[in-house]
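One structure coming up, written as structure tokens, with questions to follow.
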């Protein structure tokens, strides 16, 4: 979230799309209700289902799963053509005025630079025109046809209300009604927020979709504004924190993983430290060397010296174009290329796509370690034939599975301390209330003992490449069970010579004199103590910022890009909703997303970006600098905009025997999967309360389809995709409307997740159905909008 | 000394007194349930929870025994022309001025009316009682009717029983003895149930 | 002595069921498993171990798709049918603050309260032979805490406070809704039972049935008749019967055998 | 800074939230009834925690009964929203308010289990044996498949044959340790729930 939960109450319009907060974030949703009470805010819901959020909305528009970019592109078009965008904001805070190189173009579904052989883009034509110093050229009037603004206008000229209706399946009138409310926030004194979740991220074009939303919010002047922003409602207690600590392609703090071609630290820093693209760009990523060196010092301690590049060579390095993400490594596992697998509290058999493939992949492992509170489908995968009953007819018996499995009992949240980062980026410290049950142990102990046991073997016996392992710093007071407070202090960072805890990342050095486990968390545990455990109730700005409650990264800043809420003079677009204000000497209010004492004119508002302003045109994404509507990899219709390039040409798909994709003639219905408010993911099927509130798996389908198929509510139905099937009672409802798409009636079917083959209540895993197709930028699978068939069981 | 006539057989007496015991228990516990003013009866009747449990059971036993009694006596309880005349003149009977009041058979018309009143109210009490016994399964509409009709029938029944007890213990002396020991004197029979007396002495 | 109340603004209910579970947790209820019934509603009706149920109703109102959700529980009536029907003194009590509470030590399990309740709320447990319903968390209220359901409600659909304040709030909210075009919006608080201490704000107050609420709740007339006129009739019959017998005996005495020749 | 607040403070705060009027109203209870039902959290220890489910980040108060004396294992009797948190102000959803059922749950794993190749069931194993076996498996795999240099002779130090996932349900500190764990071994294939 750019803004955070409490800030939603400042909104005038709340667009909920690709999320369902009333059901999945009920407590977060209370701020939507507060916005209504405080500001008479309007709630607009765009979703395939009339869900519980829609039930309390002011405007509901149905849509076909996977067509969000068309809808949002339509909104951009609507805002431009009806002059509803906030012109001064766009000119000041975005790259609308930047000139793009000659040669950039979009035609027939492809941007310029498409290499049909390599199936990827050469992004050379997607760059700005630069002057002699390497700065981008601009046209402040926005009239130059090569300006980002004009190119964008041209790109979305095709996204008329009728075109949107034809793709999304709502009526043009419904679209216009929703658009009028949403675009009403393109005024300085109005702010609109967007709340989204996995309904936007689980697509083969997810990142582009979110880019479209960001573009819309920039056009309407809503980024940086209290009550504005683009807000991802994250689905797990510390999914934000685990992202901050890096995945396969990131080190902690969003530092990119070194690639094999960056053999020295210098190579790495050269490749990953951006240069300013405008004279007034603060370009904060220019500090990358300080972040990286401090991290390496934290990792390798006394073994990290200037001479050895601070241990840089120990960090594992993928090849330049290699992908070690979820889709590729499970595919590799399925092909027998992976021997060992470790899962700390995750359940890929249940939550990964294409369960049949997942089971077969795990069966090829030599060993597997699962650390959990409950027995999961993953831990018990080898017994899936028996436990999964009829759903895995071709899966083998346990006797034929040679995987050696360990299931280790872990302490649950109440039995450990430490910090969770919520969606608002607030690091909230918790305390242990009781010891774990029986012989269960805290995760840090399990991990440390295992790590140190391996290390001991290397110390005793030697072995291959011992240095990366032996030199990893594990020098905690109790290395076998490190105190999380001690770890948190290391993550914050300290000055090595004095041992003084750092106040923030501003104090980091690139000379090896500071350690810091994650630069974005620097400031979370200072000499003043544990900032994450603060319980202050004050709200000095009255905007719901609560600066003394817990601690927010970065630098305890609650609204990202808050400088953009002010004009060129540093005064708020809306004087009543100004997070920071320039008083002639310094910025007052919230922690400024800006240099605290720099004049408003000194720098662009987007200090992290080389441009210094926000990017409407972004060459960073692989599919193109402007988002384009592509169909899901399985679609009931060819893309009405360009039938020959229907789905995302760069989507990550696999071609093994279990990776089949279906076609509309065999699988005519569009399916989506989602959570229900009564359950949490695949956990609460082990819990009595959730089991009572929703005991049964079910399939939600439109009344019209049910009538056509002779299905009544409660009848058993079988839903089949090219991968597998599920069975359950039908919930027949008017709340899912049949849609008219490209002249054809399209039915959508809703299938809740939450059940599996182990638990207090059991049911089929919905991921029996989902395709192994992924977004190329983020690697998220396409759970929204895949094709199925449905029949009475 | 008058000779003795058998008025009620052993089975008749046993049934009557069992019916009476059940009636008294159901009636008194019913009174406790009926009005908070009568709740002082509850501890005597076994306490609230037991009372709630036993009242319907007493009712069922009562109903079963009453059914036996019904089979035994129903034929003898039919009203004839004399009975109707008796009823029309019941005021005189009450004032002990029985000139012109038709002679009675084994049961006089008043007793027969009591019989029918008790039988009818027993059926009603049984039916509505069954509804009230299981409030969690019985439909609300039935419960709403029963909650009114059950006590209504009880009131009617008890009204009759007050008369019955008064008559048989105080007014018609010897009647209680007839039901306890089973026999009456000829004089008693002659003066209260002349027709019946003639019937049994003729044999 | 002020009366406490719960305000349910149904326009803010998102059917999240937090109140259902808060009630289950606070009262240490035993959880059961449900049967699928083509709805999101947890179970068809209240149960001895489930005192707080959100009713879900899909309806098309004025041509617009609606999904109405409203929480259902004891209404804590000022003129409580359950108390009226209860034979066991102290089993159901109305506290000074208006809460209608069960004291199960005194409950005899007759179930009359179920019939007496205009809202059909109390439930008899076949296991314990006692009747159960919401107590408005009288134990929490006693120490200054809100009832569990109200405290947990994320959207402020539920509010706790004095009845006077909440009635005022409810009416204000209904006026707002009317101004927003919901001309039938209104407050539902059962004037037929002397006012309920659970007050609803409904968008469609003209059709409370669509929310699963009775249209014009009052204590069933048979119960009123039973506890009113019938009681007097009964008293008249019993007392009258005994009195008449005494007078009769004094005046006429017993029947003599020699009356007839 | 103390995390464990005493009962009186808890009531004071909660009462503030409920409004001063409520406190006064509550005292109108007839003593007989107030005594009949004892407040179940009147003798508990309260610990501040955060809900482990979604990412709204609601603060919760865990009520435990039992001190930490030698033979006493505290048990959770109730979990309720923390009124101090600006995020949830004491509210919780249906999942959060029933967290006790998650913590105190007969389905919780309480000892390490091991499933040998080809077997159809779990067998209990001691922690010590489990660590020994796991460390040996990891070392064997690492020794056999570790890639120090790629085909072009560049130092890459990676272990491509081991994959690891997790962390999104665990704290930052554990996630940070996980990063050390995996980079120490050379694991690149690492993902968490944010990719799904």
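The first chain written gets the first letter, and so on, giving A, B, C and D; residue counts start at 1 in each chain.
Following the convention adopted for this analysis, a contact is a pair of C-beta atoms (placed from the backbone, for glycine too) under 8 Å apart; a residue touches a chain by one contact, two chains touch by 3 or more.
If you're wondering where the values come from, they're calculated on a predicted model, not measured in any experiment.
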Task = Would you mind checking which chain's mean C-alpha position lies nearest the centre of all protein C-alpha atoms?
result = D
Key: Inter-centroid spacing, subunit D versus subunit B (mean Cα positions, whole Å)   = 72
Query = Any idea how many Å lie between the Cα centroids of subunit A and subunit D?
reply = 23
Task = Starting from the mean Cα coordinates of subunit C and subunit D, work out the distance between those two points in Å.
result = 40
Query = Centre to centre, by mean C-alpha position, how many angstrom separate subunit A and subunit B?
reply = 83
Request  = Send over the residues of subunit A in touch with two or more other chains.
outcome  = 26-27, 30, 677-678, 688-689, 693
Query = Hey, what residues on subunit D touch two or more of the other chains?
reply = 79, 88, 91-96, 98, 101
Key: Sequence positions of subunit C contacting 2 or more other chains   = 16-18, 20-21, 24-25, 31, 154
Set of all touching chain pairs, with the criterion as stated earlier = A-C, A-D, B-C, C-D
Ask   = For the complex, which residues does subunit D have touching subunit A?
value = 1, 3-4, 45, 47-59, 62, 64, 73-76, 79, 84-88, 91-96, 98-99, 101-103, 105, 107-120, 122, 125, 127, 130-139, 141-146, 148, 150, 152, 154-181, 183-196
Request  = Quick one: which bits of subunit D touch subunit C in the complex? Just the residue numbers, please.
outcome  = 11, 14-15, 17-19, 21-30, 33-34, 36-40, 42, 78-81, 88, 90-98, 100-101
Query = What part of subunit C is in contact with subunit D in the complex they form?
reply = 1-4, 16-18, 20-22, 24-26, 28, 31, 93, 95-97, 99, 101, 103, 105, 135, 138-146, 148, 151-154, 160-162, 165
Inquiry  = With touch defined as at the start, can you tell me which subunit B residues reach subunit C in the complex?
reply    = 32-36, 39, 42, 48-49, 51-53, 94-96, 98, 132, 135-136, 140, 143-145, 147-148, 151-152, 154-156, 158-159, 162-163, 166, 170-174, 187-188, 190-192, 194
Contact set on subunit C toward subunit B in their complex = 85, 87-89, 91, 106-112, 114-116, 120, 123-124, 126, 129, 220, 222-223, 225-226, 230-231, 233-234, 237-238, 241-242, 245, 248-249, 252-260
